[in-house]
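You will see two complexes here that share chain A, one where it goes with chain B and one where it goes with chain C.
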Partner chain A sequence: MATAEARPIDERVRRVGLGSRLLGRPEVGAIIGAALVWIVFAVWAGDRGFTSVAGTATILNVAAQVGIVASAVALLMIAGEFDLSVGSVVGAAGMVVAIGVGEFGLPVWLTVLMAIGLGLAIGFINGYIVIRTRLPSFIVTLGMLLILRGLTIGITRAITARTQVGGLAPAIDADPIAGIFTARFGNFPVAILWWIGLALVATYVLLRTPFGNWIYGAGGSAVAARNLGVPVARVKIMLFMATAASAALLAVIQVLSVGSGDVLRGQDKEFEAIITAVIGGTLLTGGYGSAIGAIFGALTLGMTRQGLFFAGVPGDWYLAILGVLLLLAVIINNYIRQRATRTRS
Partner chain B sequence: MKTPRWAAGLVALGLILAACGAQQATSTGGADGDGESAERDMRIVVVTHGQASDPFWSVVVNGVNQARDDLGIEVEYNAPQGDDFDVVAMAQLIDTAVASEPDGLVISNPDPSGLEAAIQGALDAGIPVLSINSGSDVYADLGLLTHIGQTEFEAGVGAGERMAAAGVTNTLCVNQEVGNVALDLRCQGFAEGLGGIPSRVVAVDLSDATGAQAGIQAELAGDPTIDGILTLGPTGAAPALLALEGNDAVQLATFDLSPEVLTAIDEGRMLFAIDQQQYLQGYLGVSVMALYVQYGLLPGGGDIIRTGPGFVTPDNAAQVIELSSEGIR
Partner chain C sequence: MADTDSGPYIEGRNLTKYFGGVIALYDVSLSVRRGEVLCLLGDNGAGKSTLIKILSGVHPPDHGSLLIDGEEVRMSSPRDALRRGIATVYQDLAMIPLMSISRNFFLGSEPTRGFGPLRSLDVAEADRVTHEALGRMGIDLRDTAQPVGTLSGGERQSVAIARAIHFGAKVVILDEPTSALGVKEAGVVLRFIAQARDDGIGVILITHNVNHAFPVGDRFTILDRGRLRGSFAKDEITPGELLEHMAGGSELEQLRHELEQPMEQPGA
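Right after this comes the complex of A and B.
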């Protein structure tokens, strides 16, 4: 007995059970949670259309709306930063398209480029201010949230004397590239492909490229990462730009699909995106998280929002249930992470 | 050792969701009371653009719920969450409603171009749809059963007729939201209803009450023969009331209700207010749909069912104040 323990195995090559290894992944909680939420609603509201093709399509559509933003937000949070201006970027970029097409008669493709360009610029400003002032990104982007929303309302009213610009449908239908953002396959809008595609790209970047390691490094310990030669400032600024650009992409998809834009579009999206990333297993403090998890976070959000509808629960209760889900997800993820770090020690 | 803690979390989630389900089951308890089984099986979904904080829509919901209880059917009400009008979220709710295969769908239609695809999806799925509150100009083209609401022009005509009966000779129509087509229609109807008595449209700024008050006072000073003013909403009525303080020669009336408007009518400082009686929009929306689903009955062959104008005058203002505290006006 004693001889067997005489030479302990080096902890770095210690065999770890499959279960523990799985629990070490940040997205596992989100996957199990999403499956569980689906089962609950499938049993509860399966006969009301929750599991039907059309029902699945609306769930995926709702998930895609937040998911398009959430994978970039997850990377940014892993790098240790917040972006609260996401929702305002959706509103501002949407009005660029709506006013550009509706008031100035610009071609749709040009306004799309302008909207994405606006997103990149706002992201750069966010990142530059955060890096240069070393202020918490929470405050910097909160300021940007208010500035952008106010500018959007003010400029829109000044130009159009309205707060909602519609009637874009003819121009959109005539545009050669609008279909990239508005196509539908049966009940399934192309936004779902954008969502999954962006999440896969984000996952590849995070797990298979040096840039991904830098993201983890920048969020885990920025000082240590900088000492190791990681360009922390550049990484963070690029992630701010990616986040705002993905918000602009969402705005483009929304405005082109609906044929109108209004100044309040995208409100609360910043919180939905953060909720999605957190349910997906990303830590608020940075250094740990997953873009795949954000897919399942978005799915959970979509299933909860639409599932309650299928189950016949009045929409009044949605926010309360979302809050409970968020707390549960954080508690469970926290527990998993502690287990994961324990297996390594 | 990991499973028990896990299971606890999962069970908690299940319990929470189940609890919400139980809550819902009791809140639609009226369904189990009486009525034929055919009625019990019916399920109608209502999707509007009403904001949670808007007292107007609470009244609509109260009408919906009363119809649900009276008819003993299953009715679900939904509107986009949050405090802004979000046509994207509303279209998704309609898509979801369609996927849940209700027997009938009642919607409001504030942005026809944004909701067109979702509405078409419902019709393609063979679900009867009617609109309430907004969308009176497009419901027929979309192929909806009917529209239940106030038509602005006709309501304006009603206001003009009442104003003429009060003996006015020269009037103003105060528009606080220039560019809103519905408000233009109200002024046009007003002019029609006055039947030849002159009426001039005055534009004021919704967000600048002091400026609006000054503007109305300037109009009155410039043309002392004006003895009737119609404002198109409480945000126009409030500055008009201030502008007319101590001036009994001018009759004032307004569209839509607010506590200030009701008090002013009760005290005799205003002639009347036009109420679109949105409780009826909720109640009739559900009832008309239920009758159509069950028996194929449709009033007036699908013409607009008008819930307004209802007039609040000094005679009934006290009753309206009481009903508005109960969420019916």
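Right after this comes the complex of A and C.
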């Protein structure tokens, strides 16, 4: 039997060009888009503080508020599922901390663990229902959005007769671990580090672990992945848990930073997180996307919101511009996907 | 290297399968040696799918027995069949278009580096092995990081077959690998099947296209309405006869008459 080297080149051998690899990466559009948005606002509002250190800090902080959730959401979407209950988890987990500390006098660190535990539990329930019923995660987590928000408001009012719990600052200041959620470095809150750190971890998992390969497989074709032995159900449930846990982390950071909890916290966060992931190059239909892209998606959101503020444009315009960005991102993503699946000949 | 002299690698004896009141397969026997291509022919509803599902471990047979390498076995799942060297490549569920070739190649069996929680995907190794495994089978891809979606249909099927062989398949079952492909692309897959055969792999090729089956097949088994209609070695039969057996002889003759009558013009 001839070896590979000895076998003559015949018509079976087909050379396929290297192609434009760079344009094939899902996050390229997001990086270019973020750069363009920065340039626009730097020209428009640069002299009014957009490019200052303090301005940059507020942009990064706003970006972190969605970015902390967005990388887990991006992985979940790559695996082919949605989580609309993210915002309600932020509200519920925040009240666990606020009521635990403010009403029951529990140590802050314990309520933090309880909040994260609640997130993991809700994520598990979301994932389990989606896997067992085979219903679209869109509808399952929409149900969870309503259930959780309703329970949070109802239970909070039953315990405290209010919908806000404040006055947590003394307990937070005295707590040994609260600092890892509330520290500031000059103008820059530690939330920015959490955001970037989580995105880097998510990127590593996605690109450099077998689990990451399974995420792509689960979203690209669950049947094909299952045929090859990928534990698709486990992958999806774990990602639902990671998503809800990251929402709980955001809640902890918010409540400990401002010293109060509100049952309505996190509203619309689920949509912001999905928008961030999509602007970052993640496909709505699963199987393709990037956690690095979600960093730039979050930056784009932060720069747009703060840029309009610095430019003196009323905040009312923010949603309209966000909508335009989202549509542009979806159109560009669609084009990229068609490029990726087109036969090169 | 191709040990065609040894006995069959997989053998089904008197296989019968019922689905409720339907006799999907009745008393069908077949066998494949390594280095041999068995073509399984039959019209829709002939029982081809049921038979390959029995051979690939999806369904157990209601009667009859399965032998692998001469030993009687009961296969509990496709994973089990895979472990015993029987791999099935389905037409449209073989590859994930948006994933790179090497990520597809290793999906579910990823190579890793390091230990414990720091165990990471060995991307370089995956690329190298994929490139090598495909190169050995005559597909030269410079860039295994490109999405599978950029490959042609024939190349996709070939990569899926190469993957099955790389992960230890002794017999590959190919479910209609050429049915969705044009003439040229079908040729890519058929050459690839011949290559696998020469490397000592047993192939069960399911198709209803005699023109695809005849050049590459060593033996032909024809199913009709769940029963074995005939089993022929290549030198016992012509493509025309094969087609007639497949379409149910007289029915095809009837059809030919019906079709020919209106076409009186020369050259029809």
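Quick note on the criterion: the second predicted complex is superposed on the first by the 320 of 345 C-alpha atoms of A that agree within 3 Å, B and C clash if a C-alpha of one lies under 4 Å from a C-alpha of the other, contacts with A are read in each partner's own complex, and residues count from 1 in each chain.
Note that in this section a contact is a pair of C-beta atoms (placed from the backbone, for glycine too) under 8 Å apart; a residue touches a chain by one contact, two chains touch by 3 or more.
It should be emphasised that the depicted structure is a prediction, and the values quoted were computed from it without experimental measurement.
K.L.:
Would you sort A:S71 into first (chain B), second (chain C), both or neither based on which partner it touches?
P.N.:
neither
K.L.:
Return first, second, both or neither, reflecting whether A:S221 touches chain B, chain C, both chains, or no partner chain.
P.N.:
second
K.L.:
On the A-aligned overlay, A:S260 touches which partner chain: chain B = first, chain C = second, or both, or neither?
P.N.:
First partner only, chain B.
K.L.:
Looking at chain A, which partner touches more of its residues: chain C or chain B?
P.N.:
B
K.L.:
In the superposed arrangement, what residues of chain A touch both chain B and chain C?
P.N.:
Looking at chain A, the two contact sets intersect at 19.
K.L.:
Flag every residue of chain C that touches chain A in the complex, lowest number first.
P.N.:
Listed in rising order, the residues are 1, 78-79, 90, 93-99, 103, 106-110, 112, 119-121, 123, 132, 135-136, 138-143, 145-147, 149-152, 155, 188, 191-192, 195, 199.
K.L.:
Along chain B, where are the residues that touch chain A in the complex?
P.N.:
2, 5-6, 9-10, 12-14, 16-18, 20-21, 23-24, 27-28, 52, 74, 76-88, 91-93, 95-101, 111, 113-114, 117, 121, 125, 178-179
K.L.:
Considering only the defined contacts, which chain A positions touch chain C in the complex?
P.N.:
1, 4, 7, 10, 12-19, 21, 24, 204, 207-210, 212-214, 216-217, 220-221, 223-225, 227-230, 283, 287-288, 337, 340-345
K.L.:
For a test of understanding, state which residues of chain A touch chain B in their complex under the given definition.
P.N.:
19, 23, 32-33, 36-37, 40-41, 44-45, 48-50, 52, 54-55, 57-58, 61-62, 65, 161-162, 164, 166-169, 187, 254, 257-260, 262, 264-265, 267-268, 306, 308-319, 321, 324-325, 328, 331-332, 335, 339
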